[in-house]
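Before anything else, here's the structure in question.
Going in written order, the chains are labelled A, B, C, D, E and F, and every chain counts its residues from 1.
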Amino acid sequence: MSTFQHIKPAGKAQFKDRHTTKAAELLTPYTEGSKGDVAIIGAPLSKPSISHSGASFAPDVIRRCLNSFTTYNIEEETDISSRKIIDFGDITMHPTSIEDCHQRIYQSTKEVAQAQAAPLTIILGGDHSITTSTVKAIKETKGTVGIIQLDAHHDLRNTEDGGPTNGTPFRRLIEEGHLKGEHLIQIGIRNYANAKAYHDYAIENGVTVYTMKDVRQRAIAELIQSALSQLESKVDTIYLSVDMDVLDQAYAPGCPAIGPGGMDPDTLAEAVQQAIKHPKVQTMDIVEIDPTLDTRDMTSRIASLLIINSLVK
Amino acid sequence: MSTFQHIKPAGKAQFKDRHTTKAAELLTPYTEGSKGDVAIIGAPLSKPSISHSGASFAPDVIRRCLNSFTTYNIEEETDISSRKIIDFGDITMHPTSIEDCHQRIYQSTKEVAQAQAAPLTIILGGDHSITTSTVKAIKETKGTVGIIQLDAHHDLRNTEDGGPTNGTPFRRLIEEGHLKGEHLIQIGIRNYANAKAYHDYAIENGVTVYTMKDVRQRAIAELIQSALSQLESKVDTIYLSVDMDVLDQAYAPGCPAIGPGGMDPDTLAEAVQQAIKHPKVQTMDIVEIDPTLDTRDMTSRIASLLIINSLVK
Amino acid sequence: MSTFQHIKPAGKAQFKDRHTTKAAELLTPYTEGSKGDVAIIGAPLSKPSISHSGASFAPDVIRRCLNSFTTYNIEEETDISSRKIIDFGDITMHPTSIEDCHQRIYQSTKEVAQAQAAPLTIILGGDHSITTSTVKAIKETKGTVGIIQLDAHHDLRNTEDGGPTNGTPFRRLIEEGHLKGEHLIQIGIRNYANAKAYHDYAIENGVTVYTMKDVRQRAIAELIQSALSQLESKVDTIYLSVDMDVLDQAYAPGCPAIGPGGMDPDTLAEAVQQAIKHPKVQTMDIVEIDPTLDTRDMTSRIASLLIINSLVK
Amino acid sequence: MSTFQHIKPAGKAQFKDRHTTKAAELLTPYTEGSKGDVAIIGAPLSKPSISHSGASFAPDVIRRCLNSFTTYNIEEETDISSRKIIDFGDITMHPTSIEDCHQRIYQSTKEVAQAQAAPLTIILGGDHSITTSTVKAIKETKGTVGIIQLDAHHDLRNTEDGGPTNGTPFRRLIEEGHLKGEHLIQIGIRNYANAKAYHDYAIENGVTVYTMKDVRQRAIAELIQSALSQLESKVDTIYLSVDMDVLDQAYAPGCPAIGPGGMDPDTLAEAVQQAIKHPKVQTMDIVEIDPTLDTRDMTSRIASLLIINSLVK
Amino acid sequence: MSTFQHIKPAGKAQFKDRHTTKAAELLTPYTEGSKGDVAIIGAPLSKPSISHSGASFAPDVIRRCLNSFTTYNIEEETDISSRKIIDFGDITMHPTSIEDCHQRIYQSTKEVAQAQAAPLTIILGGDHSITTSTVKAIKETKGTVGIIQLDAHHDLRNTEDGGPTNGTPFRRLIEEGHLKGEHLIQIGIRNYANAKAYHDYAIENGVTVYTMKDVRQRAIAELIQSALSQLESKVDTIYLSVDMDVLDQAYAPGCPAIGPGGMDPDTLAEAVQQAIKHPKVQTMDIVEIDPTLDTRDMTSRIASLLIINSLVK
Amino acid sequence: MSTFQHIKPAGKAQFKDRHTTKAAELLTPYTEGSKGDVAIIGAPLSKPSISHSGASFAPDVIRRCLNSFTTYNIEEETDISSRKIIDFGDITMHPTSIEDCHQRIYQSTKEVAQAQAAPLTIILGGDHSITTSTVKAIKETKGTVGIIQLDAHHDLRNTEDGGPTNGTPFRRLIEEGHLKGEHLIQIGIRNYANAKAYHDYAIENGVTVYTMKDVRQRAIAELIQSALSQLESKVDTIYLSVDMDVLDQAYAPGCPAIGPGGMDPDTLAEAVQQAIKHPKVQTMDIVEIDPTLDTRDMTSRIASLLIINSLVK
């Protein structure tokens, strides 16, 4: 194409400012042996969702929203243009076997973890059902897993009523022996958003539960610190699971299960920032964004910013 | 239908988690003698609105949004699955006589109040014009009425310029002798959202007015406490009128008269929660939600949560 | 509720004209032994779709659109207000096992067919993957099945590449021995909408294929007549499968796989009308409407009219 | 403003091509004694509609859509830039008294008719309820009225069930003695869009009814000619009432009561063109466009073209 | 990526049917010396448009819509999976100099034409202003140009009132001496869509004008044949310029200047098909699609089909 | 029109409450010698924007949103109904020469400034590229200019990569010698929203930069006070440039470059209120609202309120 002065390949951006690096430019497709600061892998699965969900579109949209950010952190006066986001691409899903999909997520997450491409791996859902598969893979790769879950919901539903839906990931992990209840810390659980039975299940299994009332009354930093302290000596690795519906509906209009009374994005960003600085926090997922329901990709933009923030771990 | 294992009646939910009670399941159609914790009645009228309004769709949407909430209050560790919302249904409206509609609302509210089905009755508008009819009915049933109005607007317009529109309910109550000005307390009145003449009218008639500046500068709890104290000894019953446009446009995109500078939903919820705990607060309305303008029923979701919150009165 | 003059149960229509019967009023929930003119059953399944599809919402929307039609056929001067649409309701789907969903559709269709509630049963999809299950059930109940398929696509894809998706129903029927190729007649197949391999498969298996060119060049009545003549002596029962994407995108904006060059609704209605008059046409499906993509339910409105038309069989 | 070279008053078009006259430029506000080729008056009333309708926005939108057309008829090689559309403005509506609104429409139409500003007056609805008022006014001004109604519906509903709604205009005219049944000719009446009782009423009262089947089977020109012949010797003036829902939903997505099986815009335009050439056709209305439901003002654009076409009467 | 069984690069399609070739797979990025059946080049420029236009997004969307079509022409039983669409990519535009943009289009079209990559080059606009630049480039490469323009508008506006807008391309070509009026044939020109002055200009300059009335009254094949016959002996090369607003608004909702009374897509497809079979038709453009205004990319889908159809030239 | 009791001119509001003055009624078209409290002028230019922008529609929408506010400031108990907003109208733009557009903005702003119609002039963009022209005009009229810029972005991009885009206004002012870096104070600059090179440029040129972190950690009043103190003795006039994307995406969904982490509207209003009280703040612009992307004109409503607030300067 070099012979043509004013033609660019289809799909490339029209405008390029010579001094500006877009965060999307940090994306580097994985090839064997690649090393970077963060690795991402898409798990575009939302057929297990209880309600109709287009969360399978989120990995592409979150990547695209990285174009809305530059690499310069003016608040810290840090330029991250030399950081690398190793992009493993997306896990291919089986159109009609959800069991197979979960198996592929498990296998692929394991392969990605084994590739050790970066100190932090971010899995982009997809719905929350993916987390059983990813945590299982992480456990087999890195040892005992502790989880800090930012979520409006327990996601501890019984599996008799629908199998491995997006309401069950942590229940399945506990029941299948991949996770101890006391290694699970839930932050942001919301009023009238969960059944009593599942709160009871959480308590009976030693799960630590911080509600939105806790978030409102105590500094988020304190809750995260408490969670990290509780887990760090007991587990080999910490997994941060970010269900975007922990945010209030005014800030995250693109989550399937929106509602009032949630967190604001600054609080979520602070929580994530603080958590990933801990050396044992090595895996993170971002789930439950349905771009077909969103307003101007606002929810995905927040997700993209969480990824970028993670580069200054 | 019992002979078919996998068939459900049309209109019923596809998925049922055995441990989860949706708030919508608390709805119990009224039959003679029914008793419950809260009674609701829809007043789907918006033709009196000055601007084009689909607020008549709100009762159905608010009921439907009760499906987005469970019955478990995790912050108080209270399960309300045994509470009952007695649903009287909707008042049928005359397609072309607004006068007749207001009369029907008056008569039906009176009948509902007389049925004494619950300690708190919630009327779901519709636009704010319904409140003249409902308050009149309450007064005739329960005696002198005091009103706490959460609203961006005075709703004290003259009636010469359009008759009983949604801008006039409290003016009509005062002029028709159903309400004393000193028994009306307005909270959340917003800048540049009302005419001076109507503020003057309020002051001249002894109406208590708290602006958004008051809300921002003083705790909402203090304003509500002040309102309750002011009214409790003077009136027989207190009516809480919630115009959802008291909320900021970012939180309540579904109100016809949106604007910046309003309340946030946590503040509104706190105000309502506190007020309805008072034994004299026996009636409440929720008005001015137009679902055709809303984003993902956000405004109706907040209304549904206000209903649910009222069950722990 | 009888004591209240102006109150109606929640969910019932506000306005009732005493002389008008809405087609939706013909819906009669099935109870054992019910008999009617047409039976309907919803198969709200779209998770097997290759692309993201909300076709699972269609049965509810199609039923609701019956409210947009009356029971009076002015062109024939026939009032069908005494006809009955026996409504079996919807098949409940398993949230995470598509295999189970297909099995439930098979079992439920069989039960519905055995109930013999009406001379014509209409299955409301859902996506086209349901047709393997429904035809199998019909075959086991009524004997050899011939199919007239109105569709832009062959739906004869291989199943290795995704299992029982919405691209495979007729292939699976043939491969599993439930259908002979010569008993399948496809009408409306569109240019550049299918792979050559699947046209080859159709031809090799004796399937009759009429493209849109055939539709444009010959009267639809002639094609349908030819299809009926071809099948009537060879099969015990004829199944009419209507994939709404046989329509042009301008008329059916709510199909997942829209495109130009399709049929207009009058032609489709004529085809369906003519076919169902044949005594051997006893089952019909209407599939591939995604109400979340539609413009003002236009596509579902056409589907509703097809149901109504079928009442003058 | 003349001193500023590059500033124009707010609200004026940015771009002006010196050789192009937009049809909107033909609009001339009425002042006493104004004469033009067509007169228009808006009747922005839709509160009488049975279903929620924003048809009150149509007069403004139809006027604005006149900006999408020029004044040159290339098919006839006729420039109509010297024609005048006398714009009487809009009738002001009472916000809460529909009876008063209808009275104002009656009075204003009479005043407009008496002003004799043009050989053809076009009333822009609003919903179809306005036609009782306008026809009554025309009758009192011009004598016996015959009506050619292009409509999917009879609009002959009883008035006990809702008063003067948009389903009743012609019934009210007949019952109140302003119109004889034999002076009403309905064209485009659609299947399953009306109750038998109202077809019976039409027939019993001598109304001529042409269904869409008639439209499809006979040339529209023949139907219109037949209607004109039938009326011209019996009435003093002919009123053309155009309910835009006579069009198919694919062409007129902005009508409240859309459906398949309707007319296409060329047929409608031909019908209107032919009718208004008749010297006794002196009044016309265009009703039932709800711009809040439309796609890119398509339905209003067709209405605007009908107005423009009428200038070459 | 080969080591991972179930991972694909970001941006690649999730589902692949082994027997199906999507038309988008025929796209082959140009490299020096590439030869194919059709060449495409995007000219994503819409800032010159008189009205706000997002036509600059069209090249990307049209390419993406090629994924909605396969390579099998069932009507002709022809598989075009071995054809190649040489994709030159998009011309980069200057953000603030429209003059520079037009110059780049001119230069790039010339370079593309000189590359002689295919017998037919299709330029994807962008708005119609691009055609002055492209035709000029073609003329300098291939000699005297004749143009068949499918369009609702003359696009012969004066340039004093706005410079090289999308209303002027053919005027500029004539005035700048690149095109003789008698070498321009316009088909589909619509009533009340053009100023008389520009029709006069057309006639005075020998331009052949076929209106929509001509299209309705004569077979499109006859008009195209007439155009080809008229041009073939007089020019060296024929340029087909397809302004999508030649289509009726019901079929092409995504054009900035939509309106009723236009062509249907089958007629347009037939016209294009017939024209490009002529050996002198070597260049074509498709302009005036604004994807931000479209309904489900319907207009771009038609454009994609025109490209595919051109492969069986 | 006076002879008709119930008719109003087209385009005028339907409903008028005799005691309510809408803020839009304060708009007074400029005529020579007009004096008022604030002057406004629209600069509807967005073609220079790097990304597709409809900001050219903003002046009209902001004016229209003035209808959503009254003239009564209840918090200060001040009625502003006697204040005047002198409306100069909109600058006409050249459709294809952006250079010419900028020149017209320069010239017109100068003429408006020289007219001295009000102590504060507000220029309604349009995109931010207009500010080079307006500031240049102000400098030539009023002397040395200091700028307080409320913005998420530096807008100090190099001009080689696109000319005078909306990313360059302050760079151009500095480079062309119209502004000293030390006379520019930027408030609200956001993380990952700017290139390091432009922050470096700011620092090297003496620009004062307050990030969102500064806004969060210090009272906005303190930052504005600091800015005013810094500038007041050094410049002749202060220009307040309000890029609405300084707001968080949840509050300003209508800005082209939305993102999380921005200011809330109360903070912005406070900043503007405080700044314009300073006698040297004589000009202000409000830019980067694209009404085609907004939700219910929320962003324009905030802009309208900023204008109204400025009347109590």
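The definition used in the following text is that a contact is a pair of C-beta atoms (placed from the backbone, for glycine too) under 8 Å apart; a residue touches a chain by one contact, two chains touch by 3 or more.
Heads up on the chains, UniProt names are A, B, C, D, E, F = Formimidoylglutamase.
Just so it is clear, the model here is predicted, and its values are computed rather than measured.
Participant: For chain E (Formimidoylglutamase) and chain F (Formimidoylglutamase), which third chains touch each of them?
Facilitator: A, D
Participant: In this assembly, which chains make contact with chain A (Formimidoylglutamase) and also with chain F (Formimidoylglutamase)?
Facilitator: Touches both chain A (Formimidoylglutamase) and chain F (Formimidoylglutamase): B, E.
Participant: Chain B (Formimidoylglutamase) and chain C (Formimidoylglutamase) are the same sequence; what rotation (0 to 180°, nearest 5) superposes their CA atoms?
Facilitator: Fitting chain B (Formimidoylglutamase) to chain C (Formimidoylglutamase) on C-alpha positions yields an angle of 180 degrees.
Participant: Write down the chain pair in B-C, E-F or A-F that repeats the interface of C-D; the criterion is over half of the contact pairs matching by residue number.
Facilitator: More than half of the contact pairs of C-D reappear in A-F.
Participant: What is the chain whose Cα centre is as far as it gets from that of chain A (Formimidoylglutamase)?
Facilitator: D
Participant: Once you find the CA centre of chain A (Formimidoylglutamase) and the CA centre of chain B (Formimidoylglutamase), what distance in Å lies between them?
Facilitator: Distance between chain centres, rounded to whole Å: 38 Å.
Participant: Any idea how many Å lie between the Cα centroids of chain A (Formimidoylglutamase) and chain E (Formimidoylglutamase)?
Facilitator: 44
Participant: So which bits of chain A (Formimidoylglutamase) are touching at least two other chains?
Facilitator: Residues 15, 50, 56, 95, 162, 250, 295 of chain A (Formimidoylglutamase) touch two or more partner chains.
Participant: Treating touching as the only link between chains, describe the layout with one word: line, ring, star, complete or other.
Facilitator: other
Participant: Can you name every pair of chains that touch?
Facilitator: Chain-chain contacts present: A-B, A-C, A-E, A-F, B-C, B-D, B-F, C-D, C-E, D-E, D-F, E-F.
Participant: Could you please specify the touching residues of chain D (Formimidoylglutamase) with respect to chain F (Formimidoylglutamase) in the complex?
Facilitator: Counting only chain D (Formimidoylglutamase), the residues touching chain F (Formimidoylglutamase) are 1, 3-12, 14-15, 27, 29-32, 41-42, 44, 56, 59-60, 63, 87-93, 95, 104, 107-108, 111-112.
Participant: Give every residue of chain A (Formimidoylglutamase) touching chain C (Formimidoylglutamase) within the complex, in rising order.
Facilitator: Contacts found on chain A (Formimidoylglutamase): 47-50, 52, 54, 56-57, 94-99, 129, 162-165, 292.
Participant: Which of the residues in chain D (Formimidoylglutamase) end up touching chain C (Formimidoylglutamase) in this complex?
Facilitator: Touching chain C (Formimidoylglutamase) from chain D (Formimidoylglutamase) are residues 50-51, 157-158, 160-162, 167, 189-199, 209, 211-213, 216, 249-250, 253, 257-261, 293, 295.
Participant: Give every residue of chain B (Formimidoylglutamase) touching chain A (Formimidoylglutamase) within the complex, in rising order.
Facilitator: Touch list, chain B (Formimidoylglutamase) to chain A (Formimidoylglutamase): 15-21, 23, 68-75, 77, 79, 81, 250-251, 265-266, 269, 295-296, 298, 301-302, 305, 308.
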